[in-house]
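Shared between the two complexes below is chain A, which pairs with chain B and chain C, respectively.
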Partner chain A sequence: MNPLSYKSGRAPLSPGGPAHPAPAEDEEFIAQEHFELWHRFCENKTAVFGLVVLVIIILAALTANLFLDPNLVTLQDAYSRGLAPFQHSEAELERIAAGESIITHILGTDGYGRDIFVRIIFGARSSLTIAFATIAISCVAGLIFGVGAGYFGGVLDTVVMRIVDVFMCLPPLLFSLSIVSALGNGMGNLILAVSITMTPFFTRVVRATVLSVASMDYIEAARANGATHLHIILRHLIPNCMGPIIVEATISLSSMIMIAAGLSFIGMGVLPPSPEWGAMLNESREFMRDAPWMVLAPGLTIMITALSFNLVGDGLRDALDPRLKK
Partner chain B sequence: MVKYVIKRILILIPIMLAVSFVVFSILYFNPGDPARIMLGASAPQEAVEQLREELGLNDPFLVQYFRYLSGVLHGDFGTSYRSGQSVFLEIGARLPVTLTLAGLSILVVAVVGVLLGIISAVKQYSILDYVLTVLSMLASSIPNFWLAMMMMLFFSLQLGILPASGVEDGWRSYVMPVIALSLPPMAEVIRMTRSAMLETIRQDYIRTARAKGLMEHIVIWRHALKNALMPIITVIGSNFGSLLGGAVVIETVFGLPGLGSLIVTSIRSQDVPQVMAGTLLIALMFCVVLLVVDVAYTFIDPRVRTRYLKEKKPRLKKGESEVPAA
Partner chain C sequence: MKRLLALALALAMSLSLAACGGGGETQNTGTETNTGTETGTTGETRDDLTVILGADFTTLDPQKLPAVADINFCTNIFDGLVALNEDNEVVPMLATDWEPSEDGLHYTFHLREGVKFHNGNDFTADDVKLSVERFRDQSWMQFASFAVDSCDIVDDYTVTINLKYAYGNFINMLWYCAIIDSDYYNSVSEEEFARNPVGTGPFKFMEWVPAQHITLAANEDYWDGAPAMKEITFNFISDVNTALIAMETGQADMVFGTALSATTFLQAQENEDLATDSTVGNSFYFVNFNSDRISKEVRQALSYAIDREVINVMVNEGTGYVGDIPLVEGQEGYTTDITTYEYDPDKAKELLAAAGTEGLTLTFFYGESADNTKLGQSLQSQFANVGVNLELQPVESGTWWATFGDGDYDISRGGYPMEAANTDSCYYDMFHSTGTFNVSRINNPEIDALLDEARVSLDSERRNEIYIQVNQILSEEAYYIPLYFSASMLVYNPDLQGAHAVSTQNYQYKDLSW
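Moving on to the complex of A and B:
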């Protein structure tokens, strides 16, 4: 195979792309491949914007402890209920006059007098954890079932795909809802429920990709070399399938954020005292008329996060398969 | 043709049986004790035990499932734990609301989505195309329940022109729910229509159609759209699922007495038969729509039709080629 073919900018990671090279050339080859991928990704301004926003959100969630007091998340202050952004309660004004430094409610406070900005930052932890955990679990499960079905085919394929068909008949949100209702509320159960819901979807994606890769000549060549099934799957099949799967996973992260928020919103997920964006929206519903900022901020946060995942996913798709972008 | 439709309907039966098994198994693990719920918290333990025996709740799982199934096949979907009446009473009252909501939404999604997608494709790289692309990107990232709350805030609380909840105001009660429900799927339909149309417009037969002097609207509507319709219909069909799931949340937000809000309240009160019946009905609706989509393929695409007319050996061969020889 000719390494020069990469320089022409043809899709290196897409299933139709060139073969996975022999291990000896691997590292240099992959480094070049990744560099070109990164380069193409950076050409897409909106995708880079999405990535920057995501990095900021993730960093904010990770380092929240350093610049914000975690106690503020659940601290209920009867005197500062329903403060508009940048407003201070009288008690706080007195303390400021006394020279104490006090937190400015840049997004206002909620109906229990808790600072909304603090809760949104700490809420990012639960929302992002749920999103990444569900995608990780369902991706791995999807890989196992999808590779099994697509690579080995035959009866296994039929059985797996019929089961997937059955699960795909249940609308995702409804399916998650009934699992949460059986398992009970809580973040762990929510993650499990949504992962189970997403697994059939990823199984389908993986199987479709595997089918197109498995018929490639290099798989045939590996088999002719006497490679074991395990070796072919791990060294040749999965690495060449990763492109489309990563794209799907990134775009699904945005639906995960929304499904998790939706379930918490109807009170079937992360329960109110803990800060979760959907749960925050649910709590602020009754104050909507007099304090619109309470519903504005968490909703906008969900939207910006979901949008960023979508933008990054689209950018990745274009970078992985330039032929799609005309 | 008729044979194919009948075959597809027959496939629906095992799928629905499997769906009922899945849903029954999930809800079987519901932590609540039905006998305790029916008798109230203060009832003596012996009475609860006796009722459990009468209801057959001490029987093995499979026995309970088959008893439920035979009941369903005889038209008895069980009695609500709460009201003690057949679950159909409640469902019958609520089904029309959900059907109206979902039907109107999918209609809006299909008509407006395809229309905007075509405009976007025909006027590629125009300002309109750019605006539509950005808007559909935003719309697919907005959580529908938040959109619903924002509309409620603006149209009901600020302007007071649309009712915030209930179905008492006829069509005006449905305006906001339908918009909230249809906007995210519509965004996806717009994007799919745009890309499918762009791909078709580049084909040679479109150039031929233009070359022979056909008017542009005939080229677009009769030649291009017809050939681009397959992926568009697939997306509309699969989005009906997320639409039904979204209805669960949207009905809760707007206080619409539909199946979705019934399921949520029944889950809260651990009324398992009611949840079962509601979930099965929604799954059935989704399956029927997927079936309609499958049948629609044969109407749109003569190639699919002929494949089923003389479908014997060719498909088997294709299946074999997908499976790598061991």
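Moving on to the complex of A and C:
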């Protein structure tokens, strides 16, 4: 639940991973490295399970238009409200008898008579877009601030890190909520708000990694050879920091799914009638007693997606840090 | 940045308040169960009552109450000179009788003798003078007191109220003036007065634990006889599901108003251990067009595009009462001789095409609430059927109240608690160009002139004619889409005698017994 939770309870990552040769030009070596990484990841069965689930969800979201009618997402029907899974209303049965083809409500219908399964599949687009976009933005921002602070140090480090400290004092959900309230509802504002909230966390991770990588011999060597700061950062520093950042990003994706759902749940996220898992959860809350499937479907979807991201993240961490296992 | 900070602070505060509220409820309902089982096992007749209210009060100063629900609550602690009974007739309370002057500018009231306030002070003309003057000066009371000019004491038990102009509906609005104790009022601060109300009503104020409960006790010396209920606890439960569970487990005996939703009401109906009652409520709901922006042709076309029965099902689970005008039979101005727009999407499309407005995109501006979101989505879906794209523009409801007057919108929505015995105050407020709740931005000189005339007319027949005329113009111009009266719903303990749904939700607990 707590988007902060990934901060604690995790073994520190070894920065840089296995001894990467400094200017890693050797293609064969890299390919071998990647194969080993993949091999180690595949040994972790739960992580593979998470990955398979995620691939299914992402593929379903991308190809939804091919097998589902997008109009069904918003099509209201006063006579098909609150249908149980696999149930049809009388009006629908008549239309089926008349030869019309009507979608089977695999997960039932909601309070407006809209098909829940269709909405969950199309809702995956909003949820995944928000999650990936926020991670991408805050990763890039975190990389800029973190490398700046960690590599150059001194006053810049102090200033950046104190600002980060201040921002981290605010509970992430409350902070995002305040930004969305100030900017107004909508997906763009939601992404911006959550990105701003997440940037300090990434800045911290990046800085810590940069600090240990920057003292490595190969950085010293590059500097002795007269490489510019830009060259050192782009060619040596960032490639060797990527491991922990990727792990951090993957695990944060589950928090992003939760924050996005949380904000939509309280009506601060994606605007209706666009489907969003959190908003669907909120809309169906009042029917919980009579039609529990309305709540269960989006709720379980959020849970499974967030869990899968966590499993993949854990798997990646173990794979990237061979010392942690065995 | 300043705005951001303010918002952040406000949010932090409201969240912490909400947390306190949540904790309080559980604690409180816990103690209620104990008393419930005690009386249950001993088999004694109960003389206590537990009522669920949806929201806590901001004040108990009877002349600073911001909401109708608060005013209704306080009529159990305070009496007025008069009251409205359930048939909406004016009946004597602290005034035994009264006579207006011929020009309608002065009303002389003879007061009930021997009445005492809860603190033992005698009720006299001094109290009435202070109450009426305070009633006149408080901004929250302006909707009812705008015609009052002054109050003169004739003797200890006779007063005269003078009006600024002859206002035919004055006596129908006088029940809003709660009579307060002048000695008590002058001896305490405004804050103290707002926290410890002292009136002459059937129930005495005992205790107020903010966000948890209010307790009232029977006024044994009440001039109209002591009430049967000796102690009433009002618990604040804002979540409708929690409120229903409290009813089902016997922790509360009565729930209505915002603590009850259409869904929980229907759930309660299926429960054999609970009694339910429902009647047409007095709040009427509209979809308001911003008539500055949207032409008459488009307004009429969109009126044909709306299936109000479906909206009633989507928003109210079908519990509301669809109507064409915000009045019920018997009220001044009620008529069926108006222009109506039956659901006809093909005609709507035709009219839109004739108006040359294909591919129209409109905004729907509303204060965020569960009902408004449902209404917005239903409208969106129905407008889409006739090719109109409706964009939802929700804002926090406080913001809506602050900005609808000059808000930048095409369509909004209004709900108005209609005065059963006074068409003037509601119509003037909603449809006059200077009205404070003119959500449709109506600026029609003809309507203004008619409403101005009706306001000062003393002839009920004439007023009736005028309001019928106003209704005909309003419906012809299609300034708004009339939706429905919400239902006034009540869920109660079946052992409770005398309980039934009241249109205005003004529940008088002195009429209840076990």
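What we mean here is this: the second predicted complex is superposed on the first by the 302 of 326 C-alpha atoms of A that agree within 3 Å, B and C clash if a C-alpha of one lies under 4 Å from a C-alpha of the other, contacts with A are read in each partner's own complex, and residues count from 1 in each chain.
Operating definition for what follows: a contact is a pair of C-beta atoms (placed from the backbone, for glycine too) under 8 Å apart; a residue touches a chain by one contact, two chains touch by 3 or more.
Here the structure is a predicted model, which is why all the values come from computation and not from measurement.
Asker: Once chain A of both complexes is superposed, is A:P273 in touch with chain B (first), chain C (second), both, or neither?
Answerer: So A:P273 only meets chain C here.
Asker: Name the contact category of A:L281: first (chain B only), second (chain C only), both, or neither.
Answerer: First partner only.
Asker: Would you check which partner chain A:P70 touches, where first means chain B only, second means chain C only, and both and neither mean what they say?
Answerer: In the superposed model, A:P70 contacts neither chain B nor chain C.
Asker: Let me test your reading of the model: by the given contact rule, A:A182 touches which partner, first (chain B), second (chain C), both or neither?
Answerer: After superposition on chain A, A:A182 lies in contact with both partners, chain B and chain C.
Asker: A:R289 contacts which: chain B (first), chain C (second), both, neither?
Answerer: both
Asker: Using the touch definition from the top, say if A:L174 reaches chain B (first), chain C (second), both or neither.
Answerer: both
Asker: Taking the superposition as given, does A:Y112 touch the first partner, chain B, the second, chain C, both, or neither?
Answerer: second
Asker: If we overlay the two complexes on their shared chain A, which of chain B and chain C does A:Y151 touch? Say first, second, both or neither.
Answerer: After superposing on A, A:Y151 lies in contact with chain B but is clear of chain C.
Asker: Hey, what residues of chain A end up touching chain B and chain C alike?
Answerer: Dual-contact residues (chain A): 170, 174-175, 177-179, 181-182, 267, 288-289.
Asker: Can you check the complex and tell me which residues of chain C touch chain A?
Answerer: Residue positions touching the partner: 3-4, 7-8, 11-12, 15, 240-241, 261, 263-264, 267, 310, 313-314, 368, 370, 373-374, 376-378, 380-381, 384, 392, 394, 396.
Asker: Which of the residues in chain B end up touching chain A in this complex?
Answerer: My answer: residues 15-16, 18-19, 22-23, 26-31, 137-138, 140-146, 149-150, 152-153, 157, 198, 241-246, 248-249, 252, 263-264, 267-268, 270, 275, 279, 282-283, 286-287, 290, 321-324.
Asker: Which of the residues in chain A come into contact with chain B in the complex?
Answerer: 151-154, 157, 163, 165-175, 177-179, 181-184, 211, 214-215, 219-220, 223, 254, 258, 261-262, 265-268, 278, 281, 285, 288-289, 292, 295-296, 298-299, 302-304, 306-307, 310-311, 326
Asker: For a test of understanding, state which residues of chain A touch chain C in their complex under the given definition.
Answerer: My answer: residues 74-76, 78, 81, 111-112, 170, 174-175, 177-179, 181-182, 185, 267, 271-273, 283, 286-290.
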